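Below you'll find the structures, each written out as structure tokens.
Heads up, the next two complexes both have subunit A, just with different partners, subunit B and then subunit C.
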Partner chain A sequence: MINLENISFDHCIKCTVCTIYCPVARETHLFPGPKQSGPDTERLRIKDPYLVDDSLKYCSNCKRCEIACPSGVKIADLIQVAKFQHLKKKIRVRDFFMSRTDLVGRLATFMSFLTNFVINLLPVKFFMDVILKIPFGRSFPKYASGTFHGWAKKKMPDQSKFRTKAVYFHGCYVNYNNHQLGKDLVDVLNAMNIGVITENEKCCGVPLIANGYIDKAKKNAAHNIQALSRALGEEGTRIVSTSSSCSYALKYEYANLLELNNATIYDKVDYITKYLYSQFETGNIPPMKPVNLRAAYHSPCHLERMGGVIYTINVLKEIPGLDLVILHSECCGIAGTYGFKKEYYEISQSIGANLFRNIEKADVEVVITDCETCKMQIEMNTPYEVLHPVQVLARAIKNNTR
Partner chain B sequence: MNYIETQAIIIGGGATGAGTLRDLTLRGINSVLIEKNDIASGTTGRNHGLLHSGARYAVKDLESATECIAENRILKKIARHCVEDTGGLFVTLPEDDPSYHGKLLASCKFAGIPAHELSTKEALALEPNLNPDILSAIRVPDGTIDPFRLASANVLDSTERGGRIFTHCDVKSLIKEGSAVKGVQCYDRVKGMDFEIRGDIVVNAAGVWGQHICGLAGVELKMFPSKGSMVIIDYRINNIVVNRCRVPADGDIIVPGDTVSIIGTTSKKIEYNEIERLIVDDDEIEVLLADGEKLIPHVSKTRVLRAYCGVRPLVDISGDIKGRDISRGIVLVDHEERDSTGGFITIAGGKLMTYRLMAEMTANLVAKKLKVKKKCSTHRIPLPGSEKKIQPMKQIKKFTGIPGSVTGSTLYRHGQRVHNILTKDRKNYGLICECEMVTAGEIEYALKNLNVKDIVDLRRRTRIGMGPCQGELCSYRAAGLFVEFEAAGAKDANIMLKDFLEERWKGIKPILWGDSLRETEFTYWIYQGLFGLGDIPEGDGKK
Partner chain C sequence: MNYDCLIIGGGISGLTCGIKCVSEGLRCGILSSGMSALHFSSGSIDLYGYHTNRKIVYQPLDYIERLIIPEGRHPYSKCGIDMIREGISFFSETLEKEGLVLYHNNDYNHFHVSTMGTVKPTYLSQRSVFNDSIKEGFKKRSKIAILNFSGFRDFYPELAAENLRKNSLFSLFDIITGEIELPLFRRTEKNPHEFRSMDIARIFDSEKYLPGIANQIVNASGGALFVGLPAFIGINNFTRIYQRLSELTGMLIYEIPTLPPSILGMRIDDALKSRFAALGGEFIAGDTVNGGEIVNGVLDHIHTENHGSTRLRSKFFVLSSGSFFSRGLVSEFNMIREPVFNLKVAASEDRREWYSPSFFQKESHPFLEYGVVTNNTLNPEDTQGATVENLFCTGAILPHYNPIREGCGGGVAISTGYFAAKKIIEGCRS
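What follows is the complex of A and B.
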């Protein structure tokens, strides 16, 4: 049967600009590029699903092709759908656990000290490399003790005093690894007289989609759509996320890839800096003191795709004493779970190599980026600490209260 | 002056001519084919590529119907890589006469065509893009056939067995000795030289151009040129041939041909002197798209790649009648009997579907005249590439390590000959045509084995430039390869490139809107803006 749902490939005029912008095609001949893997072979896959290329698996779904396309072809979506519809599915223990960030996070945070210790032992790393095909050289994010959600339920300062409220979709990274980012967000919003609501959320589904667990991703997505719509409550309440990929998924992947109806939340979801900037524009700027920091800003691919980079830069510009170097926009290479896999590790590292060099050249104290996996990649490959824009903002606010 | 001697000379490199060449060569008769353009460049290559089950003719033309179903079964065996057994549906729309459905079923049964009634639900399960409002459906063993591959495979088989072919050669005159035809005077347009072929029998298989050839022989045969136009949709919108269940009319079939879908066909009477300057009219395109949309609503959302038309080689037997009413039956004329012009045979009428039968009938007559006893074997011996059942893709993948899309497409085009093409060679790891997955290796194979003289010929052998970009990215690469593989000089390659893009442009012009317009604009930027191709002087009249 011919599935004619995403027919945007019909608009491709073969200009090949997507392949020029593809970070994977630039680094390896194994991937023929988005034009070839997307619109070109889509016609063939419609004719006969057997005409599928294994090389599709090299696509990291960074979506830079879609940004480049002048014809509005949803190239990366085409490739993702082709991947899970036509490529033979290999069931791998690694992919299973890597895509279940919720499950792994809950287990790991239960005994975070032990997890963080064990995961860096040489024999364990060796075992993971050989058996699980997780590259030896890869470093892992540290797990926190307990969850952010738990903290928010029990220890978060009273939010009922704020009239304006925002629903915070914290995502797995804040929940299990970086509580501080979540706490900083609460501080920032509170300083702007905005209350924070958290909801009982599940993983947004990005790692599940990347690893081909579409049914599970759909389940999570349906849960999140329901939970977030419920939490919205009052008119004018927005949903914010501190993860660029989570917000991209909530807004676009749910509808385009998972074919779910997310109309109830579509208009309400904002990546945090867009929300902050809209508040700043109305004059709601929290009091800040100079941070005296020279930082490089790296724009993540999915934020680029959403057109959200401009808001982050505008928000950062409001921070006094921040000497900002805006890096040339390029992929860091990690692409979520992509860089955690042995077969793509080298490609992932060489994609990022230029970015790492540019960071070194920028002569800064810290790097700022919106995405948690970009942070992991940059921290592993450069000597710098990587902060989220919200964390820098929180610093400026704290300087003021101090 | 060059001089060639042979037993039989065939004029016309369409399916019938190519089939006759093969049939004669298989019988051991020394034969030469002469074609003024390229193999399958006339009517053979200008139809919707339907492998008829005969159902379309069953109600009105029982003879054609029975011929079709017989040939349908043969072609599925001997030309596996040229046909695709998609199956076909006849669907009745709410506005159609519902009684035709019953007539069709009964006639199919009478003609021996296996036709089964389907519930609308079953039909929609088979072809989900079908108009959901259909009233009834009949399943018939229709399929698709690639006329370029079919004709080319026939030629390939006979040249491998000693037959000879000259393409891009005009027949200037017939050599007559007394009342008998003894040979042809030719002009080779590529080399720019005259030559002469002498033989015992000249077969006029020039289709609609046969009227002109008969004129050269001094006999009269009147053709009834009827133009049929079609439009091509960017990708397959159906996997099964969809026919409209009504008395044959314009725009009542959608055929999935290779990577595209084709909406056919109109029927318009034209004058004989117009056959060289065929243009698709706007009203034809309107009718095709409007009626196509009724069968498959998705038509309205897709890009139209091009429009093209061919001319049916119908023989005018009586007076002024409409194109569809004329018998599409086979007309074999022995001019020795009819006009006492010895050594001259005309084969005309018929359809692509019955090309083999027409060739068999012609070859029988030639063999009788030459007193050769050997019987026809074209219905038994498979064409080159179709020797074995299609191999599972897996084995080939392992063998070469070339991407599945490339292997699959090459296999689809060349059958078993894929082994001669996809060798472990650099040439096969880069694409020349990115829409239809043609490698440099495939182009080399075509240049060396398949009588390719220019890029338009190459397109007929490989589908280069037939995808959505219509030659935007592949044509200049192909022109380069002509030079690299020593098939042309640099100057000729430039002229070829220009001719090829002009030929593509001809089919795009009638449907120039939407995405096709954007695509064409972009192609124009590349070839005129960047390469200045329009500034290349015209060829020296050879082509």
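What follows is the complex of A and C.
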């Protein structure tokens, strides 16, 4: 049976504009580009899986092809679905662990000191490179001690005094690596008289989708849809996320790729800056003092795809004393777990090279971006610290209370 | 989101309008659904090219002033000659600030060569298509070499040469064709079918192989004064690469547009977008406007696919969503409509009248003249027939002109976009 779910490939007029804007096709001719891997070959694969060309594994799912397409073809979605429907899964230990962020996160945060120490030992890095095919040159995010979820349950300041509340989907990165970002979000929202609710959430599924573990991704997604719907409670409550890719998954990939019904949360999920901006618009702007900071802003691909960049920029513009350089929008190359794999590492690095050069030229003190893996990539390739917009806001608010 | 001016459509018209608005300090956003028709254009700006009898128009501004403006319905009539002049110079200055200089022939049209080797009148061109040395060189009636890189399948020198030889303008030229090798071509062996103009433009941009390429050009040209190459002499560093290649070869280098995507058009797209961003404009890419609410002749807000239930508000709106190709207009079985606001459209109700019997008919096709009906200040009518005061329609969505038959698409897009911007600036100040 031919699946007629996504027949947007029929709207492709073969103009090749997507391929022009594909960062992967620009750097390697091993990838024939989104037009060929997407709509061109979809009409063949749809009839006979024998005609699948495994070059589609090179797609990093940045979704810039969909932004560029003048004919509304969901090119990246076509490629992702083809990937996990047709490509033979090489059950690699690496892919398994890389996509099980909850499992690995819980283990790693249990003895975070040891994890962070061991992962940077030269023999370990060498072993990972040769056996696991995780590139030697890649640096890893530090693991925190304990989870953000644990902190929120036990140590988060009392939120019951706030009438307005937001459900916070913190995501794995805040949960296992960067508690501070989560705590900063609580500070920012509390300063705006908004309480924070956290739920017992699972990994949003982005790394699972990227590594082809669709059944597991579906399970996680179903769990999250249910948990978040339950938490919504009162009318007007929103779900916010500090990760651009998590929010993209909750809103779009659950329905488009995993074919789940996410209608109960679809119109309630906001990437955090959209929520903040809508609050700012009603006059709910927290008291702030100048941060005196010169920063470059890098817009992540998935936030571009969601149309969320304007909200981040407009939130940042409200922060006093922030001298902002907006970088030309381009992919940093990491694309989630893509840049952590040896076979794509060089491509990933060369995709980002121009962005790194532009950051160096911008003559700033820090870089601001919305995405945790963009942060890892930029911190590895430039000498700058990378902050989340919420962290800069939190700084301005703390300056005020000081 | 509260804007002074929100533009639906990020093509040449919307960007011209947006750049003018932000340069006057307005808060301006542009919503764009996929890349614009500039990616499929020649990269030259036509003002007015042909009389109704297909004769060439030599002085377009003069022609527009005397014969088109008095006619009344043409978009040019609504702008007026001063606005057209002002808009065109604003457009040139804007690109020049981004390092892309456009040349014109002292108010006369000049000719440019298409990928098929046909010759078309146009008003503004990039340096590789028209400049004083090309004009002087042309008078010498000497030898032309049209070259391609072997393996590039979006351009056919023999086809272009054959058509040029048939043209009386080129009857005294000796036209030869040839092929040269690109050093990096081997890199693409895996997927040669995706070897596009952009891949080669990036190789030019890197500057690495320029002396080698220049050598091959000279060797393959047999002492020709002109060398015609498919348009891919750099994208980000075009001006510099063009200069260096001219010096290295000592020849007059001429760029011929290729099959899409067009590097010549993309240079303009890049320059306009980067100017808009530099002035603080907000370009919102990859989103589709689904509709809006018009109350008492005022468009209150619009909503889009990505912004869900969030309403985007603005004092003024511009609809520059293009023609059929860009989905600014859609054709259904028995009607033509404007999909965003369902505005009143001028179009024949009889489907048989929409098109000409043959595809390349000289008179072009009637559907190209269909579009959204506006008053003299480019404001459309809603479904109830009320004029929408704060919405302006610009560019290819307008009716009563034929960009192909008249050769005026770029000029109309720029001058109506500029005209709307002036009206909006006026409106914001009062």
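Following the convention adopted for this analysis, the second predicted complex is superposed on the first by the 401 of 402 C-alpha atoms of A that agree within 3 Å, B and C clash if a C-alpha of one lies under 4 Å from a C-alpha of the other, contacts with A are read in each partner's own complex, and residues count from 1 in each chain.
Criterion: a contact is a pair of C-beta atoms (placed from the backbone, for glycine too) under 8 Å apart; a residue touches a chain by one contact, two chains touch by 3 or more.
The structure displayed is predicted, hence computed values, not measured ones.
> Applying the document's definition of touch, where does A:284 land relative to subunit B and subunit C: first, second, both, or neither?
Neither: A:284 stays clear of subunit B and subunit C.
> Figure out whether A:274 sits in contact with subunit B (first) or subunit C (second), or with both, or with neither.
In the superposition, A:274 contacts subunit C only.
> Compare subunit B and subunit C by how many residues of subunit A each one touches, and report the one with more.
C
> Report for A:20: first if it touches subunit B alone, second if subunit C alone, otherwise both or neither.
Second partner only, subunit C.
> I'd like to know which partner A:399 touches here: subunit B for first, subunit C for second, both or neither.
Touch status of A:399: no partner.
> Given the touch rule stated above, what does A:237 touch, subunit B (first), subunit C (second), both, or neither?
Neither partner.
> Taking the superposition on A as described, I'd like to know which of subunit B and subunit C A:32 touches: first, second, both or neither.
both
> Under the stated touch criterion, which partner chain does A:313 make contact with: subunit B (first), subunit C (second), both, or neither?
In the superposed model, A:313 contacts subunit C only, not subunit B.
> Could you say whether A:67 touches subunit B, subunit C, both of them, or neither, answering first, second, both or neither?
second
> Kindly classify A:159 by the partners it touches after superposition: subunit B alone (first), subunit C alone (second), both, or neither?
The answer is neither, since A:159 touches no partner chain.
> Touching subunit B and also subunit C: which subunit A residues?
Common to the two interfaces on subunit A: residues 15-16, 32, 35-36, 55, 71.
> Would you mind writing out the residues of subunit A in touch with subunit C in their complex?
Those residues of subunit A that touch subunit C are 15-17, 19-21, 25-26, 29-33, 35-36, 55, 66-72, 266-267, 274, 277-278, 281, 304-310, 313-314, 326, 328.
> For the complex, which residues does subunit C have touching subunit A?
Spelled out, the residues of subunit C in touch with subunit A are 1-2, 29, 33-37, 39-40, 187-191, 193-194, 196, 198, 202, 260-261, 266, 274, 277, 282, 284-288, 304, 306-310, 325-327.
> If you look only at subunit B, which of its residues touch subunit A in the complex?
Touch list, subunit B to subunit A: 128-129, 234-239, 256, 258-259, 298, 301-303, 393, 403-405, 408-409, 431, 434-435, 437, 467-469, 472-473, 515, 518-519, 522.
> Contact residues on subunit A for subunit B in the complex?
Those in contact with subunit B are residues 1-2, 4, 7, 10-16, 32, 35-36, 40-44, 46-48, 50-55, 71.
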